[in-house]
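Sharing a structure below in structure tokens format, with a few things to ask.
Just so it is clear, A, B, C and D label the chains in written order, and each chain counts residues from 1 on its own.
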């Protein structure tokens, strides 16, 4: 049993912790938090050990009468690997701590690529990450782009791709706030960082991305344009290739799924914890070949699509299993579906 | 094992079906739907029998190659009781069907009170509903008001109450639409129907309600003003009474719960199916006594607070258990919490 | 003085009526409405004659004590031309009435192209519409696309264009409702109708469009990708060409304009009636040349960008002026700006 | 002609400057800004002198090639009075500057009451402010409450009042962000500060307020409950009293005004600059007497209801006119309506 510590207990950390608990080859050492809030209380209720980020945080936990198990330093003593799901740029600051301890670490997409030895999407480059001490799971949008483009590239050859990403403005429980009743070029300059970020995983893909922020909380929606290398590709072939790819789900407006809201509803109906949707969801109706280009719409659930990647990254780093075996195990444990 | 049929498989029906499955004394006959959409597909995936509402619906199911088990008429043959969770006013139209079969039925709050023998909130009037053939579970807002007012009335005596209800404009997966970026007196006339609806359960409570619609999807928020009969009530006494009442949860901004979004996040963290929140959530900070009045804010999750009531209504109608025993069983099976 | 009747007094009709009043060569006969609501009351307050759509509507006006001037039939007696701004598809139903009277008519973009002799954007094809009895002003999104693409095509040659249109879900005062907290492929199939609609005005432009609906009320935002015929085009050249084109405004995030909300705020600051923004607004920062493609973001104010087009269409139909003269007059009267 | 300087050019400052320009007895010295953004560019376009807040700001203006007229210090040399519309708490910091110059100042509701000699709503206490050197115009919500309660108190006697304020989460052009898809008790503790703030203007009114934040940008909506001193008040009497009060507008759902969105639309239709709505708008249908209490809903446009108050405050401070004369002049110049 590999002992996994989760440092950071927000959007990603909470989900990784729950996913670790579901793995047959992993054990959760505990979670590290900065504040003794309701998330910490529920962690305790689930039987997770809760550690304070540092001594000063620990004091706040104690002041509130919260039963903390120590600090990050204590937690690291018992861990074989750490998943760092702290806020953007904090992971890079934490890295020296992990290096000093000689402990491997998984970082998230808020960190720059150079924080790690490899940027990672399991079905794209698991083998490249095998045995690497520091692995960076790329962001939700980049993960979505990589899964789709890798599938298209494997099957048909991608000559060039363009994506317009409509981004959710805030996560559902984010009260810091988001622009209301407005659309925001985000960033106003083109291209956005997503294209280069895809290339940290799929260096050979030629892609330009643009991003717009919209006042929604649940999902990103990508509009994708791809010029394929081979001509004469048919819609049906593309749909079939997407259906056969894991962690991609083809959905249909004919079944009543006409917006990101029904995608979330689907996850709710499946009784996914936190209505998580690990699969990138492509609309069957949208897959179209017009002239020499292929088009499609797909949804990316920003909170959860990277969760299976984190689990696989742990296995790749520690050489626990091969790519297919790990992904099978992850998909089974998380209840990932291939078809409705 | 009581055989329960769920007619209608939208917001309420889907949840009641899942809750029935969790009961030790109940068995789900199946669910009745009008359309073979993704909700029907997932019902099948869960092993639920899916029936079409009528012969013409059945043809649409068959046309789509969907494996339906027959029609409502077929389903009723196997049922001891039906929960009618069809859209507003359809329940009243269905009643003659149930009467003809001699089968008891639970109706929802979208129906008028006179559809049933009694309007029902378990902890307010379970005994009154005991053995009644037709029971109406009142609406989400009325259920919330009844739980809170009943608790206050039992403990302190309610002389008069006023509530301003800020209503969610649409459910999360409702694409029919809601007013965007506006607030709407709903209805513009005062009082709203909620006060009289409370009195169908608690006839002695003097209450006036006003309702405003806001562009949110997840919860209603009530602002409550109560004049208590006894003077000299202290905030602490009120908080304690609320904490001791089942299906009410006292939460605190100090724990980081500062909006309805954190209440939903709480339900997600608890791994509630569909992030359901059966408990009425009162903010500890808001409970205030100013002059002769008591004030508070609380949140009502419109999709799920009535689910335990439906389960209890089944037991009351069929005389399966007494009030406390039924509510204990329901609360245990649904994982309802009394304290964070 | 040309006598103009405005039939339909919603989003477009109200604005056209106000714009007609500002023209030195036009006179407003009156406006035709179906209901005696607050919009009708304000029309009276402005001194506009208000006509009822038909006899039955007129009775409702009278029942409410509203001072109507007669019916559509009466109004047509006094008009030289009618602008039909009735809801989608009603224009086509009204056309026989205008034909019978022998009166020219301007239709809006909700009608099919074949309702009219020509689909119209003034700076693209004024001359083609000159003297035509029935002219269709294309929709807001199509107008935006045509203005931009025509400018690029004139200056650099457009080989192919792709646009992803993020659509506002509802107009600000639309209470019929819109999807809340979700993104909706709209339609889910690709391409959307906007590409072919552009070609009703600019038949030689090769364009594919995709559309997504977002819960905002104020503007559409387009993400545009264009392959230019001539190579070696520089960003500066494109910005300059856009700046020199009328009814296009180049704005900058550097000036604090970072979302569609600041565009509306700009219109408010300019004291535009109803904060109308007749100009298509391109972000200077977004204009980028990457490889062989040109990219940009621009905003389209759905309620008002077609208003100047309606005024010009009247002049084109009745041969009142030449293209440049008409557009100069329209732009001056409406206070259209070329530069901040 | 009184020379008025406006310090701060955001939501309130921009409107006060435009309103000052419309007064026959006032002259705008200029406006003071911290940044040379699009708001500054449009001020120049309107012919307003733009001053930088201080020397360091002035350098940024110059660096951008912006034609600033100097700094706040320079501007004060030419002013008889200053309206301080700087952000919350900055007014208090600025006060010593005005004191040193011996110049009277109008402050806004973001400042604490003790920044000024008197808190002000023109139709409530103009005479009390007459000749006072420092006057604080109270916030938008407090102004709305004061206008309504003062009218009710004058006509019927207010024994006690309760208000639930549903607050807009952000102004339309505020990109700093607001909670999305959630309702937030704001603050969670009861009562909110609005009650005591009303008492700075109407000390004898007994009032308790609660506030909830909703994700809208355009207006606040108040739910008001009032116990009147005199019994037997009829709805018709209350409506009549409200209709006769200036700066209050009675609107009706029968005319199609069913939400705050139609109120804004009304302002747009009236061609109000920035769709401002200076009037507090009460729904006729909502005015109800139930038992011993009076109820109503009304909307408060947060950006503009205090603009007439600022103009009157200038006249009161400088003893330019009496109360009625000043309010008449203000209402006429701003186009305030008494009836639709």
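Worth a mention:
Everything that follows uses one rule, which is that contacts are C-beta pairs under 8 Å (C-beta built on N, C-alpha and C of every residue); 3 or more make two chains touch, one makes a residue touch a chain.
Note that this is a predicted model, so its numbers are computed, not measured.
Set against one another, A-D and A-B show the most C-beta pairs in contact at A-B. Comparing the CA-atom centres of all chains against that of subunit A, the greatest distance is found for D. Each chain gets one centre point, the mean of its Cα atoms, and the points for subunit A and subunit D are 47 Å apart. Centroid to centroid, with C-alpha atoms defining each point, subunit A and subunit C lie 42 Å apart. Centre-to-centre spacing of subunit A and subunit B amounts to 35 Å, using the average Cα coordinate of each chain. For subunit D, residues touching at least two other chains, in rising order: 172, 174-175, 179-182, 184, 215-217, 258-259, 261. Here subunit B touches subunit A in the complex through residues 14, 18, 35, 37-39, 41-42, 45, 172-175, 180-181, 251, 255-259, 261-262, 264-266, 268-271, 273-275, 340, going by the rule given at the top.
In the complex of the two chains, the subunit A residues touching subunit D come out as 169-170, 172, 174-182, 184, 215-217. Per the touch definition, subunit D reaches subunit B in the complex via residues 162, 164, 166, 179, 181-185, 187-191, 208, 210, 212-219, 221, 223, 225, 253, 258-261, 283, 285-286, 288, 290-291, 293, 295-297, 299.
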